[in-house]
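Here come two complexes built around subunit A, the first alongside subunit B, the second alongside subunit C.
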Partner chain A sequence: MTKIGIPRALLYYQYYPMWKTFFEELGAEVVVSPPTTQVMLSSGASRVVADTCLPVKVFLGHVLCLVGECDFMFIPAIRSVKRKIYNCSKLLGLPDMTKAVIPESPPILDIDIDVNKGRRDLYQAIYQLGRRFTWSPFKVRQASLAAWQAHLNYQQLMSRYGLTPPQAIERISGTPEAEPKTPSGNPTPNLGTIALIGHPYLLYDEHINYRLVHWLEQAHYKVLTPEMLTAEELESATARLVGRARWTYEDDVVGAGEHYLESGVDGVIGIMTFGCGPDSLMMDMVRRRAAKLRATAFMSLTLEEHTAKTGVVTRLEAFLDMISRRKRRQAEVCV
Partner chain B sequence: MRVGIPHMGNVYVAIKAMSNRFGGELIVPPVNNQRALSLGVRYSPEGLCIPFKLTLGNLIEAAEMGADVLLTIGGFGICRLGYYTKIQEQILHDLGYNVRMIQLNVSEKKLPGFLQVFKQLSNGASWPTIISAFRFGLTKLNAMDRIERVVQKVRAVEQIKGTANGLFARAIKAIDNADDYDSLKKIQIDYIEQLTQVPKDNQAQPLLVGITGEFYVVLEPFSNLDVESELGKLGVEVRRRTFISEWTKFSLFLNPLGIDETARIHKAAFPYLKRDVGGDGWESVGEKVLHAKEYDGLIHLAPFTCMPEIVAQNIMPSTKESIPVLTILCDEQLAKPGMLTRLEAFVDLLERKRRASNNKR
Partner chain C sequence: METYLGIDVGSVTTKLAVLDGNDELVTYIYLPTQGKPIEMVQQCLKQIKPQLPEDVNIRGVATTGSARYLAGVIVGADLVKNEITSHAVATLQYVPQVQTIIEIGGQDSKIIIVRDGVVTDFGMNTVCAAGTGSFLDHQALRLNMSIEEFARRALDSNTPVRIAGRCTVFAESDMVHKQQMGHRIEDIIYGLCQALVRNYLNNVGLGKEIKPPIVFQGGVAFNQGIVKALQEELGTEVIVLPHHEVMGAIGAALLVHEGMAGSNNGSQFKGFGVSEVKYHTSSFECKACPNHCEIAQLSVGGQALARWGGRCDLWEGSPTS
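Right, the complex of A and B next:
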């Protein structure tokens, strides 16, 4: 059986169930790389120029990890999934860049997703991808419909039950994806709610964010993420803040940021990486908005390969201290 | 309506000419300088690229000079540039400037869009006036670029370094002052003649270095610390595809007719980069492949954190067509001594390479 390698990085968190269903329907086996480790990050980073962004370095580390484990590497070039909203250059050039810096990689299955070119082009691209496994267009059609259904189920699962992508993937595939959570029924009461905004590949890659979600939960805060909002909520919030979105995954930052800043959570933490093009602008938008509203505490954390855990933890502790002081003061005023 | 503009190379000359013709009130901020850069760096988000920071500096200076409308560039599917206007507007508002932004859309509508914007900027000038003003502006652009092409050749071989640059600066001034087609033509012929008569080292066989990379840093000497003149001082002839007049010619007039100058470059890049990654990344890779035989070396200019150029930079070393490439990342931290050392080392390498290949023959 043909083995398809899918790196557990970047768009994996958004689309994995869809991709998996598609390939399995076509009779292939899907191999996913293990969670990120320092070795993977260093090996990925050693292949590219220094100012390539952290998520791409992580991605390449995952690709390197899959070399020899699979017959094909699946790396789509997702240009646009909504009309006139384009993706970041690095995601567009990902298949070509991988080929250039990892020549030993197995053949790369790339597919151009660009809805601006119209339905016909999109279907043709999907068919061309499927043709590697079957000659029958009907089979490809069936597989892509099943894949789309899987994607819808996945999204619904996350927004309805408030699950994070790793938890949802775990639920769908029945294999333990995420690490076991701290036992529920924690005796200490919740100290407050913190919303994290940022792209899924930063929020759920526990290696590069130093288990941020876990750390906050341990500190007795409830954590909210962009995936827990519905698409409509995100879109309307984006429209309020910037009008018309121009980047594909902008909702994760701007939409979620705007929504959570006004939803009465105790604090919002924006996670971005150094050198991220879209985020350098988007996070600034959210920061300016937060400064204007003056209602919710906001902090932006910039991650890169050299970020040390202690630095991140110190900033988080200071942020949480500030929130609890703020709450105390409010309580005193009420009395 | 007092219109302020950001700078990019000599484009202000053309916009000034247009504005004078259609009777708009134009405020040209000082050409790029340390103050504009410092202002831009101070008020920009830190992760942004040098084109954003410099243009923001220009816009702040224009606003200080009393501009109430700012002309900026925008569009879709073209890296972060599409978003500049929105963020710059917000930064300017937060700084307390009451300005309105008007966007020149470079990705769609093209020529009609440009003319519409100029119509908006003029104080109710008629369409024929706008069109003739636009044409006059483009003629100025063409004249400047024609002279610059000669300057690039002369710089490498002139006996007294700096002569060509001095002439070029005078030519720009003369073109800026010219206000009809005849004098413009005369200036162009006159200066090209003067340039050809500059005393030259006739024995010299200058190295040929191509310049490619991101549009703004290639065209704005302040952002790349005038890399072309520095190469000229080292006796290197510089060649580049990116000229603002070429861009206007193709993007505004010929592309809508289906003539695409970049098709050849994209075809060359195809084995290594199959798709447009925004900005000028695709072209950078293509130019390396296309000119590997023709040039001795290639200088790749990119703003620090430029997304498309990082993709290009990662792909370039793996092409079969090999040619030495020096990538220079431009940002506010780029300093002249550091850049000069790298340029000298690069030119040394090219000379050694040429000598080695001559010996082999």
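Right, the complex of A and C next:
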């Protein structure tokens, strides 16, 4: 059976069930790289110039990990999923960049997703990808419909039941994601609610975010993320704050930020990486909004290749202290 | 006498502060960490002991600063608190109406925004240590003068030169360049102070609502040149408290007093005798998963006291056996 490698990085968290269904429907087997490790990050970083952003370095590490494990590497170029809104240049050129810096990679299956070119081009692109497995346009059509259905189910699992992408993927595939679990389960989230905003490849990659979600849960906070909102909620919140979105996946940051700031959570933490252009602009919009509303505590956290987690922990501790001391003060005033 | 001990182990200096039951400062100590946090905590305890009254009764101990977990295990801390909360609590004790706290230490700098007596926002320098105490020390050393003289001479400047403060590497090359062109050293030093203040306000203070009263603390607040540049740039008075360099330790002591008030438990303080204990630190690479985390271990007489540094919980905290 043909093996398709899918790196567990970048857009994996948004589209994995869709991609997996598509390839499996066409009779291929899907291989996913294991969760990020320091070795993967270093190997990815060694292939590119230092200025390349952290998520791309991580992505390349995952690709390297899959070399020798699969017959094809699936790296789509997702240019645009909404009209006139484009993706960041690193994601646009991902297949080409990977080809250039990892020449030993198995052949890369890429597909241009650009809704601006119209339906016809989109279907053509999907057919071109599926044609590698079957000559029957009908079978490709069946596979893509099944894939789309899997995607809708996946999104619904997250927005309706409040699951994170790794949890939803685990639920769908029935196999537990290889993540460290606490033996005693999580403590009761009785101190409040924190919303994390940022791209899924930062929020759910436990290596680069120092197990942020786990840390907050251990501190007795309930954690909400952008995936737990519906596309409509995200879109309308983005429209309220910035009018028209300018980058693909901006809703994860701006829309979720605006939504959660107004929803009465105790705090919002924006996660971004050092050197991400779109994020640095978008997070600033959310910060300004938070400063204007004043009701909800906001902090942005910048992740980089530091190996010690001290800096992140100090900020998180101070942020939670700020929230709890603020609450206590409000309680005193009310009495 | 009922007292509370706050220990702030920063990257460059180690501070101890002892408060009495009324939260008045009894005594404090301020020593360079010299890259040896364990030895310096022991040294500080040894030196502060004779300054305390005979009947001293330590009712609570708290640690803060970047080595707070390490120091906490050594002394038996009742509370381990991050330095942002500690600084805010201490400043609020002395200047209750404070709205902005500027703290510049050896390796990091922070801004804390306070409204109506509670912290509403804070910021810390991100990936770069430009404009912190270490850099000033380094420049003083390069000019072959003490940091005190460096600060004093900044005040003698008439026409400060412009220095790029965005990055310390650029700042240093700018300084060398100006010095080779024959500018007065005083003007270069004060120009550097201005550059660092601008860098601080543009980086750490970015997007923060800086309102008076403004309190400036941390080791760099000793530097009159920086204080002057800060006041000029902000166009308002900046308060420097008498014990500004030990505010983190004072805050930790205040917090442990507050925390112990509600509990009946005694302090876990191991006593001043810990300054005689021989601690041993080592590290190893965990091979349990491909991450190969570096685990640091603190032990006494071959017995492991604490381990940390892993990405998972496998080694974290104190070993139970």
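Following the convention adopted for this analysis, the second predicted complex is superposed on the first by the 322 of 335 C-alpha atoms of A that agree within 3 Å, B and C clash if a C-alpha of one lies under 4 Å from a C-alpha of the other, contacts with A are read in each partner's own complex, and residues count from 1 in each chain.
Everything that follows uses one rule, which is that contacts are C-beta pairs under 8 Å (C-beta built on N, C-alpha and C of every residue); 3 or more make two chains touch, one makes a residue touch a chain.
The structure displayed is predicted, hence computed values, not measured ones.
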Next on the checklist: Following the superposition defined at the top, how do subunit B and subunit C come out on subunit A, clash or fit?
Outcome noted: fit
Checklist entry - Looking at the overlay, what does A:D284 touch: subunit B (first), subunit C (second), both, or neither? => result both
Next on the checklist: Looking at A:A297 after the superposition, I want to know if it touches subunit B, subunit C, both of them or none. Which is it: first, second, both, neither?
Outcome noted: second
Next on the checklist: For A:F274, using the defined touch cut-off, is the partner it touches subunit B, subunit C, both, or neither? Pick first, second, both or neither.
Outcome noted: both
Checklist entry - What is the angle, as a multiple of 10 degrees, that the CA centres of subunit B and subunit C span when seen from the CA centre of subunit A? => result 80
Item to check | First (subunit B), second (subunit C), both or neither touched by A:K84 | outcome: first
Next on the checklist: If we overlay the two complexes on their shared chain A, which of subunit B and subunit C does A:G93 touch? Say first, second, both or neither.
Outcome noted: first
Next on the checklist: In the overlaid three-chain picture, which partner chain does A:E25 touch, first (subunit B) or second (subunit C), both, or neither?
Outcome noted: neither
Checklist entry - What is the minimum C-alpha distance, in Å, between subunit B and subunit C after the two complexes are superposed on chain A? => result 5
Item to check | On subunit A, the residue positions that both subunit B and subunit C contact, one per complex | outcome: 274, 284, 288, 302
Next on the checklist: Per the contact definition, I'd like the list of subunit A residues that touch subunit B in the complex.
Outcome noted: 48-49, 51-53, 77, 79-80, 84, 86, 88-90, 92-93, 95-97, 99-101, 103, 110, 112, 242-243, 246, 274-281, 283-285, 288, 302
Next on the checklist: Applying the document's contact rule, which stretches of subunit C touch subunit A when the two form their complex?
Outcome noted: 66, 81-85, 116-122, 124, 126-127, 207, 209, 289-294, 309, 311-313
Checklist entry - Which of the residues in subunit A come into contact with subunit C in the complex? => result 34, 37-40, 180, 182, 206-207, 210-211, 274, 284, 287-288, 291, 294, 297-299, 302, 304, 306-311, 313-315, 317-319, 321-322, 325-326, 329
Checklist outcome for this item: Given the complex, residues on subunit B that touch subunit A span 45-48, 76-77, 79-80, 82-83, 86-87, 90, 94, 272-279, 281, 304-308, 310-311, 313-315, 317-318, 327, 329
